[in-house]
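First chain written, first letter: the chains are A, B, C and D, and each begins at residue 1.
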Amino acid sequence: MGKIYADVTSALEGLTFDGMTVMSGGFGLCGIPENLIAALRDSGVKGLTVISNNAGVDGFGLGQLLGTRQIAKMISSYVGENKEFERQYLAGELELEFNPQGTLAERIRAGGAGIPAFFTATGVGTLVAEGKEVRNFNGRDYVMETGLVADLSIVKAWKADERGNLVFRKTARNFNPMMATAGKVTVVEVEEIVPVGSLDPDHIHTPGVYVDRLVQTVSEKRIEQRTVRQRAAGAAAGSEV
Amino acid sequence: MGKIYADVTSALEGLTFDGMTVMSGGFGLCGIPENLIAALRDSGVKGLTVISNNAGVDGFGLGQLLGTRQIAKMISSYVGENKEFERQYLAGELELEFNPQGTLAERIRAGGAGIPAFFTATGVGTLVAEGKEVRNFNGRDYVMETGLVADLSIVKAWKADERGNLVFRKTARNFNPMMATAGKVTVVEVEEIVPVGSLDPDHIHTPGVYVDRLVQTVSEKRIEQRTVRQRAAGAAAGSEV
Amino acid sequence: MPRTREQLAERAAQELQDGFYVNLGIGIPTLVANYIPAGMTVTLQSENGMLGMGPFPYEGDEDPDLINAGKQTITEIPESSYFSSADSFAMIRGGHINLSILGAMEVAQNGDIANWMIPGKLVKGMGGAMDLVAGVKRVVVVMEHANKHGQSKVLKECSLPLTGTGVVSRIITDLATFDVKPDGAGLELIELADGVTLDEVAAKTEAAYTVAPGLQAA
Amino acid sequence: MPRTREQLAERAAQELQDGFYVNLGIGIPTLVANYIPAGMTVTLQSENGMLGMGPFPYEGDEDPDLINAGKQTITEIPESSYFSSADSFAMIRGGHINLSILGAMEVAQNGDIANWMIPGKLVKGMGGAMDLVAGVKRVVVVMEHANKHGQSKVLKECSLPLTGTGVVSRIITDLATFDVKPDGAGLELIELADGVTLDEVAAKTEAAYTVAPGLQAA
């Protein structure tokens, strides 16, 4: 019953097929499964629907799958940092479904939790609610949104034990825990695999039941907006570099 | 901006009124806010609707509020361990709404998360679905359940820092985290209040935003079913004592 | 000879597979934990918020913060993790638990199950039973074939208020084992307890069922 | 004299109260963090999963695992906590954040806001803006009074696709401050920037509004 795979290629073996839906964790370039994305590119799988808050940048993260035109559709909340995405979208080569970020997060959580639909006030009276059921509860209008599941979720965590219990680090957690629950198969890349018993059971963010395959990788972890403050200055905000 | 109160009496001061709805954390007698329940009893508040997975035992936990007939209605999943509850219920003195445990947990989570309603397969075709909307998604029937909020949530955590960040311990976590999010006011009793910065930000279960008042207490922590195994025996299960 | 409680638990343990995440109900199902085959990795879920449930503690090691869904003191094991009730039932409702082994008052030939209330008697509540039968991938019932009045608990239709509809996949009783065929196709008798005859099962079962070919021959 | 960006941020900081949990949008709202009054406890939420956001790191201390919703490197402070995006938006949607200060392209006199798309231009997405305006208890918009073509951004009705309807409580521009009265009762001008006249605001505002009594007299 080993969950541990030697490399990202074998970790995806037998899981990919053209036209499949893939959830990919991360916010911007923070906490993305960058090595599994590269392996997905190398697998040659085509016609992907990708559910991810963002679309990476040119040549990194999901941008790698855009460059090779492996993505047919994105479900995202913000895709601002990707010129190839822009080009393909404007040329009509790429389908795009925008979801409000919180609605996207909750749709994924619902999908993993066996909830086919829920109501939210987010987006009522906007384009987002068009064609969807709107219902009044206690005097306020809410729009019905549906749960999302994927054929495959690729997730980035910080540490895992050999049974797949996961711990995330700082804001690299973001969409990863919900996506781990909403994939029919979930493959996780981590910076370190530790022996069972090394993680405090009260500190585990994602229980091993959600993790089908596990692979230890080395991440580049690019920074998108490097902002710093001067050592001399005491101000709360700083300058963009 | 202090959240810390000297004792449970002052922690509830000004928050109680007759006919109010109170959520009370815990599973069985595990992780219940036993000192806040006692303070609620001493406050003399009446006509309570109490949302709690269980109803305590005679004379302990919520059983204390039953003895004094302060509870008008319970919303629970299981109330098997309380004779006074049984007596009042059979005499028609107490209203009772049973929710499946997972539906109850999700209704509370939804209430705290601004979700007025959601669909679940739990209870479809049973008494629980009577009078509720049933809808088919992807070939399966689901029942619509609504979110729950309370005028007051009383919660038991293990540790808190001075800003109200909470950590729970083992299975004493149970309903406490969701209830902390679903109270208009949330009061928390903890075994230890530690200085800000003592808790690892990655290990906090409930962020301080959900905690209005905090009080350090000493808990009796009764055990309902003391089950042990013999030191000599190697079997996985043991005997009930 | 009808199966004893221990034999029922031992038979139910044959439903386990390596790598399974399993929720065991109260009563006989709890005993199944004692029959997990050596070398097989099976992780027990407790719906009050724990995955990786260990055995009862040694006397003196009881921890009031560590109980199972039956409110019994238990222990943790190296792979354990804790989570809230909302996260626990998200796990159950979302179909992430492979198998639930539960007791029942009645099971019908279409997979309906009743195990939470008897009209006219005090109702204690359904606890997590409705969530488990609706959410877990495979539900196996372990129970006595007949109630204390000698009446069949394997029925054409349940008479008690239901816990779930069409959710049971297999019924293991002290006399026999039945599969509930998909899409309302009814029951198939697939196994007899040692020394129990087809005639005895026929006499004691209210539900209609077919008999598996191999068993017919035997 | 119209308020500068820094003056706008300083004015917006007056919306803060001790103990508030606050989400600040990108742009001018981010600068509000520099004007939190000394001795006031204000906790900043970042919707990508953090409560208790600290300042930018010193050079060399940047951590790629620690960014804000604008994808900028930040730091943690002693009271910080991290959580998932689902938990973060549960916090926002559930009304647990006291105040959101956001920029906008247009605001209407009924509290409608448009700040995410311009038809015909490439749409980058709404990110968390729709969740914030719908969920946070009080939404304050900080923006230039006019767009780059000199047209009023405070309007009778928004012309751009909406981010939310009837959600804005206060509008702080470089010229003036308006309250959006409840239940569609329209705008009230409550404050002028130093040296700005009622006539100037009237000339540059498309929306209808009343003038607060004290301001009328001045």
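Here, a residue touches a chain if its C-beta (ideal position, glycine included) is under 8 Å from a C-beta of that chain, and two chains touch if they have at least 3 such contacts.
Keep in mind the model is a prediction, meaning the values are calculated, not measured.
Colleague: Please identify which chain has its centre, taken as the mean of its CA atoms, farthest from the centre of chain B.
Modeller: D
Colleague: Once you count every C-beta pair in contact for both, which comes out on top, A-C or A-D?
Modeller: When A-D is set beside A-C, the one with more contacts is A-D.
Colleague: Roughly how far is chain C from chain D, centre to centre by C-alpha average, rounded to an integer in Å?
Modeller: Chain C and chain D have C-alpha centres separated by 55 Å.
Colleague: Between chain B and chain D, what is the gap in Å from one C-alpha centre to the other?
Modeller: Each chain reduced to its C-alpha mean, chain B and chain D end up 36 Å apart.
Colleague: Based only on mean CA positions, could you tell me how far chain A sits from chain D in angstrom?
Modeller: One centre to the other, that is 28 Å.
Colleague: In chain D, what residues contact two or more other chains?
Modeller: 76, 82-83, 89-90, 92-93, 135
Colleague: Mark out which residues of chain B touch at least two other chains, giving numbers and ranges.
Modeller: Expected reply: 106, 109, 113-115, 120-121, 168-170, 173, 201-202.
Colleague: Which of line, ring, star, complete and other names the graph you get from chains that touch?
Modeller: Here the contact pattern is something else, fitting no line, ring, star or complete shape.
Colleague: Which chains are in touch, pair by pair?
Modeller: A-B, A-C, A-D, B-C, B-D
Colleague: If you look only at chain A, which of its residues touch chain D in the complex?
Modeller: Residues in contact with chain D: 27-31, 53, 76-80, 86, 89-90, 98, 100-103, 105-106, 108-109, 120-128, 158, 168-178, 205, 221-231, 235-241.
Colleague: For chain A, which residues are in contact with chain C within the complex?
Modeller: Where chain A meets chain C, its residues are 1, 109, 111-115, 161, 163, 165, 181, 196-197, 201-202, 204, 207-210.
Colleague: Give the list of chain D residues in touch with chain B in this complex.
Modeller: Answer in residue numbers: 18-19, 21, 41, 43, 45, 51-52, 76, 78-83, 89-97, 135.
Colleague: Note which residues of chain A are touching chain B in the complex, please.
Modeller: Touching chain B from chain A are residues 106, 110, 113-121, 135, 137-138, 140, 142, 146, 167-170, 200-203.
Colleague: Spell out the residues on chain C that touch chain B in their complex, using ranges where they run on.
Modeller: 30-31, 33-34, 36, 46-50, 55-59, 61-74, 76, 82-86, 88-90, 92-93, 112, 117, 122-131, 134-135, 161-166
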